[in-house]
Amino acid sequence: MDAVNILSTKGLTKTYGGIKANTDIDFALPKGKTMALIGPNGAGKSTFVGMLCGRIAATSGDVFFEGQNINALPAHKRISLGIAYTFQITSVFAGLSLHENVALAARRRLGSDVTAVDAKVADVLARVGLMDRADQIAGDLSYGHQRLLEIAMGLAQDPRLFILDEPTQGLADSEIASFIDLINSLAGETTILLIEHNMDVVMKTAAYITVLNFGEILAAGTPEEIHANEAVQAAYLGTTTDA
Amino acid sequence: MSNTQRSNLLHLGTITLLAVAFFILPTYHVGNLSRIMVLAVYAIGYNFLFGYTGLLSLGHALFFAAGMYGLGLSMELFDLTTAPALVVGLASALVISAVIGFLALRTSGVSFMIVTLMFAQAGYLTILYFGTYTRGDEGFVIQQADRVLFGVDLSSDTGRYFAALALFSVCFLAVAHLVQSPFGRTLVAIRENEERARMLGYDTVTHKLKAVIISGTISGLAGAAYALLFGYAGATFATVQYSIFPLLWVLLGGAGTTIGPLIGVIFMFYLIDLSSSITSAYMLIAGVVLVLLTLFAPQGLAGELRKRVFKWMP
Amino acid sequence: MDFGPHLLLASLEGAVTAAILALTAMGLSIVFGVMRVVNVAHGEFYMLGAVIAWWVTSLIGGHPAIGFVMALGIAPLVVGLLAAAADKLILQKINYDPDRTIVATIGLLYIIQQTTLMTFGPDARPVQPPFNTRLALPWFEYGEGGFAMFWPWGLSITSYKLFVIVAAVAILTTLWLLITRSKIGLIMRATQLDSETALAFGVPVDRVYMWVFGLGAGLAAVGAVLVVPIQQAHYLMGHDPLLLAFITVIIGGLGSLPGTIIAAILIGMSDGIISVFFSPTLAKIIATLLVAMVLVFRPQGLLGRSA
Amino acid sequence: MVTKPESKFTRRGVLKTLAAGTGAIAATSALPGLSGFAQAQSSAPIKLGFQVHRTGIGAAYGRWYNRTTEAAVKRINDMGGINGRPVEIVAEDDGTDPKRGAEVLEKFATQHECDIAFGTLFSHVVYGSAPRAGELKLPYFVVSEGHHVASGKLNRYTLQPGITDVKSQVQAMAPFVANNLGKKVTMIFPDFAFGHDHRDFFTAAIEAQGGEVVEAIAIPPTETSFTKYFPRIPRETEVIYHVMVGPAVLTFVKELGEFFGPSSPEIFGFIDSLEAVDIKSPGLEFLEGTYFWEGNPRNAQADQSSHDKAYRAAVGVDDNGASLEDAQDVSTYSHMFGCWETLNVIKRGMETANYQGPADRAKLIEAVEAMSDMPLSDDHPQGAKRFNGKTHQTFGHQYISKVTDGKLVVEHTTSIEDGLYEDEVDYTTQSF
């Protein structure tokens, strides 16, 4: 595999009882860039991402991470290779403090080095703007803050690839704006795969866009290319002319 | 004072208090406390799995019995001395909890509860089936003369009390330390949200298996200690009732707190003991108190304390 | 006894066990399915059903059938009301929190058991079956002169045991119709699927829970009234049915009523049939392990949806 | 309802304990020196810790053990107590659980400061409690009919002077079974140690009579349906030997009858299968003509002794072995006499040893160990006994009764010698 691609798939397919959710997906994610994965509801985005990080077993096809075939690896092993993942539906440790939430994410890599973990936690909490809430219980946070916390947990892992599944869903406009800033501040630091509905976010953050429709890749390219792509407009952007 | 210091103070204070209790309490309560400490070890083992890892087992009596019979039978049938018999007891509990854990962890939630219950039930029947060796329900006595460990007579009041205290202290402190370690915190993470923990890169299955083994082995240790300190092994300890007891103790004392198991055992023991001296219908009192507790102290006694007063409590 | 007749006899006994198990487990399954709570006191409601049956039949006298029919009406009603009251007074107050429900129902178990011990006493007390004829059963064997019918030694069942099987089928069918065809059933199913949405659509969820809890206990009591002429009323009799009913519900698949019935048949029949091949206790061990293995390899239960 | 008098009993016990305790303290503080203490001591009641199965599987037995004990203590007190001191029972429920049993013993010894403990029936509770009795040096008189005491597995502080053990019972039965009922026996028993004892001892005993056990069917505990096991009974069986315990016994006996219908072999059972159960219960009709071992004949026999008559009256049991208040309430007549007789042995032992207080416990045990023949009397209404001081076990007569018109009629009484076997232990060589 090409060294400039951190992650790629070949012929990745998932069928549920004869119904194809993903068909023969050949996909490549360039290292260090932000890529957005878009597509109408039911296009198979979550299935695809699920197969990337190992939550869903592929029916056929291969997933490569940094040139290594990771088909046989269970989810937690893939994560340990440097993939961080945030859920479509917020998933934090609701009964634990913010500090502990992030520490759990950091600790997997940093182990029992308390100082390093604490430093990391302070760093990422500051970065997402939750520092002053470190001792609060995660379940008590507002929805928007919980999403930020989840991103902080992703960051605390120092991921080489950060997969965010619809991170701005349900956020207020002001929160979305700071989210965009956050993602852009990460550019170059890590590779980001963003599953996103909000085209504004996509356009302001993504270097590349892949469009999924009916479980197949419809188009891939820069935002400009995608914007100009007629097939995409027909299938997906159709009515929303501009963002 | 930092929270860690406070926790240490609480733990060491508890142990000191128990040590002092030997000298100031009347004989009867000293005897009770030595029993309570052994049972608290069982509860600590159970709490590790239920309170910290979030796995509700109804089969812990099997682990308790594994330790009890591992020790008892090796002394009874193979004339082992106490120390090696204790090792056999521990090893039996470890092996059995590993096997049960491996199988039962394919399930989760109520299925886990039922599978562990059924394995324990099969274990209980197995003890009866091999009645020729185990003496089934009747069980057998471990002779007083054999109950000596490193020169300490475990059948004397003093020997028994401090052996129980030593065992309790080791398990109490070890588990208190373990749950603060990265491993223990990961277990808590699994309890809170297993899928999230997995997607942070933790091997949750292996973690849970380790938790079952640690919990089962501590429970087995309690079983072995019970046989050794009180001189009796019997199939009653393998019945479902003895799987429900630690659940009850832990829930009453406060699941997921270090001190909860001890408080739960003390509470339940004296609830039965005191109410039975007032009325023969003591189960009625026990029942009413349990219902009241769920209504007014849902987190268990230590859990309520933590929620209301000592937020730092481990 | 020869193998064939032995197997037939064991299967018949297994069918009786399965019938009673299906009834007791069904009550638990409905409670479990709709309310998602572990009711540890379920076995005690079963026991109360048997004790009330004894009480009714011994008060009424006359032909045993009169008392039995009365008991079949009264016991489930009383037990159901009692359970509904317990739900309202306790479980509703603790919001059906899973852990607290376990402790509360253990408390309830103690209370019911001790109260029964103090009033009913520690003895096992029999209830006379409304009818009970021993029916010798024939067996066919291919011999020198073709098929021959003979009456093997000991191969028999009683008319009452056959009645239990029929009654269980009838009651479960009625229940099935109630749940699938009636408005009550619809409300129950809606609450089971999504209690919050049900609440939003005006379903009085609290009251549904209360009556579901009562219905579950009532079904256990029906099972007990049917079983008490075969066994006896005793204050500790609730223990084993509780465990078995639990196992049945989980094996069947949480919330799946057909699953519960299939599991009851599987467990009851295997208990009977395996006893043909092994010595009694060994048979129990093997049957228990086999059923446990079903869950190990199918964690969601037989008809449960996979998570 | 039935527990009411018991609870009053306990409460009174506790109150008395408290009163006696404060009284003693008051006496010693008011009158320093030994004389005051001795005074308080000598008139203070002798306290017997009564370990009773009030709850759990043994509750049906426990209720009658309690009733018999109350009656025996009342009689002893009416006759002037022990060594001039009144006897007081301190009852504690052991839940028929070995763990709680041991705890209760501790409570007797260290909290209630009882002089001795007594009364346990279920063997597993005896096993669980006996080690603590030895450690606490608390004389522990069990009424359990288990072979545990005589087997040598317990200790010098545990004795069974009031009831014959199962090994002796079974051995005494075998000749009658072999000579009158048949030589090919199928045994049905619970898969408990108690059932295994029956299997092992009876197999040996029947073989000595030239018979054999053709099949041994061990029923798992808590089983509630039995028919499926009956096909295991071989066709050649001449006698069925059954001994079951627990609440399902009635089902067992009923299903046995339904299984055989009109063509059953001879049936011999231990009355344990039907203790506290009315033999006229519906479904038990087929028991007519079958045989039972009885520890003490439930129905008053034609040749009833004056001692049995007095004993029945004292306990409040009618001629059918049921409560005087309620003819349906059948007693555990074959076992509960053990409480009565044990208490009388304790009384005699304490008088011989001139027992004054816990310091004399060893002397009490030695006094009991020195006992041997105990003739039929009001103290021993079940029959004469021979106590073996070395094995701490008593040996008595056993009764074989036939169900005739719904009553148990004694057909044969074994001699004490029928039940004797070689000593398996000599507790007197153990130190105190």
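Going by the order they are written in, the chains are A, B, C and D; count residues from 1 in each one.
The rule is short, and it goes like this: contacts are C-beta pairs under 8 Å (C-beta built on N, C-alpha and C of every residue); 3 or more make two chains touch, one makes a residue touch a chain.
What you see is a predicted model, and the numbers here were worked out from it, not measured in a lab.
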*Most distant chain from chain B by Cα centroid*: A
*Count the C-beta pairs in contact for B-C and for A-B, then report the pair with the higher count.*
B-C
*Which chain would you call central, comparing Cα centres to the global Cα centre?*
B
*asked:* Based only on mean CA positions, could you tell me how far chain A sits from chain C in angstrom?
replied: 50
*asked:* Quick check: how many Å separate the C-alpha centres of chain A and chain D?
replied: 75
*Counting in whole Å, what is the centre-to-centre distance of chain B and chain C, each centre being its mean C-alpha position?*
33
*Could you give the separation in Å between the centres of chain A and chain B, each centre being the mean of its C-alpha atoms?*
43
_Of all residues in chain C, the ones touching two or more other chains_ = 114, 117-118, 239, 281, 284
_Overlap residues in chain D, where contacts from two or more other chains coincide_ = 3, 55, 191, 220
*Pairwise touch network: line, ring, star, complete, or other*: other
*Interchain contacts, given as pairs of chains that touch*: A-B, B-C, B-D, C-D
*Which part of chain A faces chain B closely enough to touch in the complex?*
53, 55, 74-77, 79-80, 85, 87, 91-96, 100, 103-105, 107-108, 111-112, 153, 157
*Can you list the chain D residues touching chain B in their complex?*
3, 6-7, 10-11, 14, 54-55, 92-93, 97-99, 102-103, 106-107, 110-111, 123-124, 127-128, 130-132, 134-135, 146, 148, 153-155, 191-194, 196, 220-221
*Touch list for chain C against partner chain D, complex*: 1, 5-6, 9-10, 13-14, 16-17, 64, 114, 117-119, 121-124, 126, 128-129, 132, 134, 136, 153-154, 156, 158, 230-232, 234-237, 239-240, 272, 275-276, 279-281, 284
*asked:* Applying the document's contact rule, which stretches of chain B touch chain A when the two form their complex?
replied: 181-182, 185-186, 188-189, 192-193, 195-204
_Sites on chain B touched by chain C in the complex_ = 103-104, 106-108, 110-111, 113-115, 117-119, 121-122, 125-126, 128-129, 240, 244, 247-248, 251-252, 255, 281-284, 286-291, 293-295, 298
